[in-house]
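Scroll down for the structure; my scribbles are underneath it.
Labels run A, B, C and D following the written order; every chain starts at residue 1.
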Amino acid sequence: MNKRWEVFQHSSDYRFTPYIMAGDPCEEATIELSLALEQCGAHALELGVPYSDPLADGPVIQRAGMRGLAQNMNLEKTVKLVSKLRERGLKIPVIIFTYYNLLLQLGENRFLKLAEDSGVDGVLVPDLPYEESGYLQKMCSEHNLALISLVSPTTREEKLVRLSSEAEGFLYCISSLGVTGIRSEFRAGLDDFLKAAKQNCRVPVLVGFGLSTREQIQQFDGSSDGFIVGSAIVKKIEELESDLLTNREEAIKTFKSYIESLLPVYSR
Amino acid sequence: GRYGVFGGKYVPETIMFALEELETAFDEAIQDREFNELFQRELAIYSGRPTPLTKADRLSESNGGASIYLKREDLNHTGAHKINNAIGQALLAVRMGKKKIIAETGAGQHGVAAATVAAKYGLSCKVYMGKEDIRRQALNVFRMKLLGAEVIEVTSGSQTLKDATNEAIREWVAAVEDTFYLIGSAVGPYPYPKMVKQFQQVIGYETESQFKEIQKGKLPDAVVACVGGGSNAIGMFAPFIEKDVPLYGVEAAGMGVETAHHAATLSKGSNGVIHGSLTKLLQTSEGQITEPYSISAGLDYPGIGPEHAYLHETKRVTYEAVTDEEALHALKLLCENEGILCALESAHAVAYSLKLAKEMQKDQHIVVCLSGRGDKDVHTLMEFEEGGE
Amino acid sequence: GRYGVFGGKYVPETIMFALEELETAFDEAIQDREFNELFQRELAIYSGRPTPLTKADRLSESNGGASIYLKREDLNHTGAHKINNAIGQALLAVRMGKKKIIAETGAGQHGVAAATVAAKYGLSCKVYMGKEDIRRQALNVFRMKLLGAEVIEVTSGSQTLKDATNEAIREWVAAVEDTFYLIGSAVGPYPYPKMVKQFQQVIGYETESQFKEIQKGKLPDAVVACVGGGSNAIGMFAPFIEKDVPLYGVEAAGMGVETAHHAATLSKGSNGVIHGSLTKLLQTSEGQITEPYSISAGLDYPGIGPEHAYLHETKRVTYEAVTDEEALHALKLLCENEGILCALESAHAVAYSLKLAKEMQKDQHIVVCLSGRGDKDVHTLMEFEEGGE
Amino acid sequence: MNKRWEVFQHSSDYRFTPYIMAGDPCEEATIELSLALEQCGAHALELGVPYSDPLADGPVIQRAGMRGLAQNMNLEKTVKLVSKLRERGLKIPVIIFTYYNLLLQLGENRFLKLAEDSGVDGVLVPDLPYEESGYLQKMCSEHNLALISLVSPTTREEKLVRLSSEAEGFLYCISSLGVTGIRSEFRAGLDDFLKAAKQNCRVPVLVGFGLSTREQIQQFDGSSDGFIVGSAIVKKIEELESDLLTNREEAIKTFKSYIESLLPVYSR
């Protein structure tokens, strides 16, 4: 476990982990948005990689991916972008969120080496379930990267025990079935699921998928150690797209006040 | 769940339990004599199986070389081999107590097959179809609605089959607890490739026994099938893989494998993950999946079933590619000589058989899987003729 | 050559010798075991017979009353019972040494069947089709051309089936010495009605043995078929006429038999001569033949096979008429409940069966001849839906 | 055999029997055309009845039928038209050319009574071959009408013998296969056919179908006793349609000179 993860683990806050898409709407914007998020109190950052076929994502993140693709953003550049973030002073753990096919084409080994060198802290591959992740798991350990595990309310009990006890970085608990996206209601019995997930977990348990308001976020404090917000933030970035390209300073200001409005008071 | 390195289950954790549940249910079902008898009975009584093995006398004679036999999947209910698998999966869904099915479709053939079995077995049905395909295939959309299915317009990505499949998977992730995902080809995460093969292998087993009856116990000298996702081909090849019979899979070369417009996944693709399975696919060097092209909507898929990727790598099956033009020419020859209007997909297999037959002896025999009928393609053929003239 | 007063050969003297020659050749052929075996083999290997007898479980249940079985002629090659007769007549033409066939067609279904067998047996083929029908059925025209047939535009009269038939007869009169006229329904001068019945009776005989197998030797409690010219009906009825089985022929009532827009020849017609045969037909009091109307192109004929006129007069068969609307409704019900999109023609038979079933007991059984598939009708259905909304 | 047939039979001319369509382009025109034809030397007249489905006729006569139908001409009116022709002085035999269905609807008996009363001499039913004509044959005899028989080059020998020996009025020999219409060539072996037809025939043998020029007509003199011209004359009437309706006198003059140009010199 590296230093950044140690800080993350030992935080007593209700941990805020935002997701943004690399290259949306351009590389420089991604850098400034990342820094702004850290300034707003983010404890870690998920950086998505644009992909032609993001089958775990809803429409908001799909569109962000299209914008990223239009910028010729790819996995290699996303990893290298983390170097730049580190140069610009980003301190929080950064997790690369990538579909498996992108990893395969770049080469798993090449990716891991590059990620390690660039200051990446973790990898999350939404279409690589535990059963298929043996090799990558092993290689991540060798490269000091956390392979983030996702667990879902549909995950069988014995598997949940195993995944939660072996989790590194944090354990990603999917709050509702379906793809990423904004939701107005959550699944009944979610608290029991989170409780079970926490039982054997040595790392913070974060809840994600569908959270878009302060009220929704606050409802999971207590049952989880932190939360992930993706689509809601990406949607705000979409709204700010043209300003982010031409009047970035103003846009970042608006963005930060949006993030502040989202966060529970006590997490800041 | 692997064919060499290919196959696997590259899907979100949320649906992993459903794949396990499916595999267990499937394995139990195919061990169950009653289920198998029901499946065989439905194939016979509902879809009209066995389909005949028709000798193409005039076509073979005018072509020269080996004789060509046609396995007539075009005579199935709804006009193609697709129904075999749809019946099998629907019976499994019923057995598992599922009330809802979802399916993806490109040109609409699998969508119609899925909507058909949903109507037949009293299931609700949602079919995911790209916006672009909905526009091009208005008749099939109407048919699905007539059958009581809901057709969901997919506006993501390139708005075609690949994206419809992504969207069907997304829906499955959301509704996995009570929904059966009826995949239309030998693709997708394990156990789908295994399951689709199981439900399609009736093609090959019927062919084997029909051919043996005609040719006094001999096996064919070659077996040819077209390959998009590869379900008709894997079903046709199934009984022959372990035997000494040369097998040929025919991909769509579109405007030519040397151009950017083809669907020749095995000839030109590389290893990657698509729709839950590690296989060969058409992609950029960075891993973005590219849009394939073929005049035939059913071959127009950037991936291929993982078992085909394996049979290709081990060289057990020879995969060749045939252009739009060659397929059209073969379709016309078959029409004029045998009175059979085959699907553009199947025409690729016919085209390759004609080449192959010329290199073989007069007393040798090729069996071609005529996977579907061409009624659905008449519009495309007309447009092509008009464009070409 | 008579069925009571009906039938006969009302044709120009020029072709009388050809009808005699045809009758002799036909009578010899059906006495010839080899010919019959060839015919049966071609039906099996080329067209996929036997077609199944499918129990319509969900449809029967939701309707109430008797169970409905469907004789699946829709699963034949080219999608309807038409091919049975086309194969039979083409084999006879080959046996008689004829190299040319001609045929009439309305919507194009028989034209496609004729062009199909011409391609299969290496005959040249001219299809006569009304100008108006050519415009409406461009897809079928294209199919016939793909099959190598020449489609002759008929501009006389009302430019529809009736006139195409007149024109085919005119051509036959001119080319009678080397041309075989392949009539598509159980109409025309003797021996055509006899011949078409002979080649279509496979429908009834298969049904009888399939039903007996399912129901332990019993016969159905009712048999229903749609009637335009009447070939599927006469083929279906053939084995039952001499037995104690109620038979029902269903005509097209179009917009209603009380309107001017229907094709209910038996219900509303009178004795007269059309296309070489004395039968019932729709005509003015002065004897001018009128244009019939039905949403279904295959029932849209002003005459009817002479044996049906006889079976109507002797009351051996009950003939009823079903409107466009009733047929459409039945088509949808069959689609939604059984996953079978039947032809609009067949939908008339289904519609009447649903009425009949309600008046019968739960343990009784109706067999309906599903004469063809509805793919060809999707355009019409769409137009109707749009118009209706 | 009535008087008119006797004159026809005993003529030593090469007999000219024209065909026109009743009601084409109007009833009065039919009357005047009939009288003009007699004046030009016609030995008998065939009067066609408009029918919706004239399957023995080619396009020219089909169109004439459409014009007749548009005038509401029908079988009954056509028969009554013959009365008017007789009143106007027509002396030659008139044969009603009608499809069988029209006869059936009017009623065979009713038709025959009416025809006899109206001065009709014969009936020709192109779609009622010998085999189906027993009843009508018998009834025609009772009503002093000749049922005109057609024989074709495809008629079998024994049937030809029977038809030609039983023929009344005249025997109609079809010169070529196919429907009525103008032809440029005739069938080889036609002379042998005509010779065979004449052998047993007690009435004149006329040749018809396809004759449209003086040269064609002359070629059959010798092998036959007369000729029928239909489509060529009907086509001329079609050309003269508007004049026949509005400027009839002039039209009839033109028509007569056309007929004269058609006839062999010696037949006038």
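Observations on the model:
Here, a residue touches a chain if its C-beta (ideal position, glycine included) is under 8 Å from a C-beta of that chain, and two chains touch if they have at least 3 such contacts.
Small disclaimer: the values here were computed from a predicted structure and weren't measured.
Traced through touching neighbours, the fewest hops from subunit A to subunit D number 3.
In this assembly, the chain whose C-alpha centre lies farthest from subunit D is A.
Subunit B has its Cα centroid 38 Å from the Cα centroid of subunit A. Taking each chain's centre as the mean of its C-alpha atoms, subunit A lies 66 Å from subunit C.
Under the contact definition stated at the top, not a single residue of subunit D touches 2 or more other chains.
Not a single residue position of subunit C touches two or more of the other chains.
Pairs of chains in mutual contact: A-B, B-C, C-D.
Interface of subunit B with subunit C (complex): residues 44-48, 51-55, 58, 72, 74-77, 79, 115-120, 122, 138-139, 142-143, 146-148, 332, 335-341, 375, 378-379, 381-382, 385. By the touch rule above, subunit A contacts subunit B in their complex via residues 51-59, 62, 69, 74-76, 99-106, 126-132, 150-152, 154-156, 159, 174, 177-179.
Those residues of subunit C that touch subunit D in the complex are listed here as 8-18, 20, 156-157, 162-163, 166, 169-170, 173-177, 270-276, 283-290.
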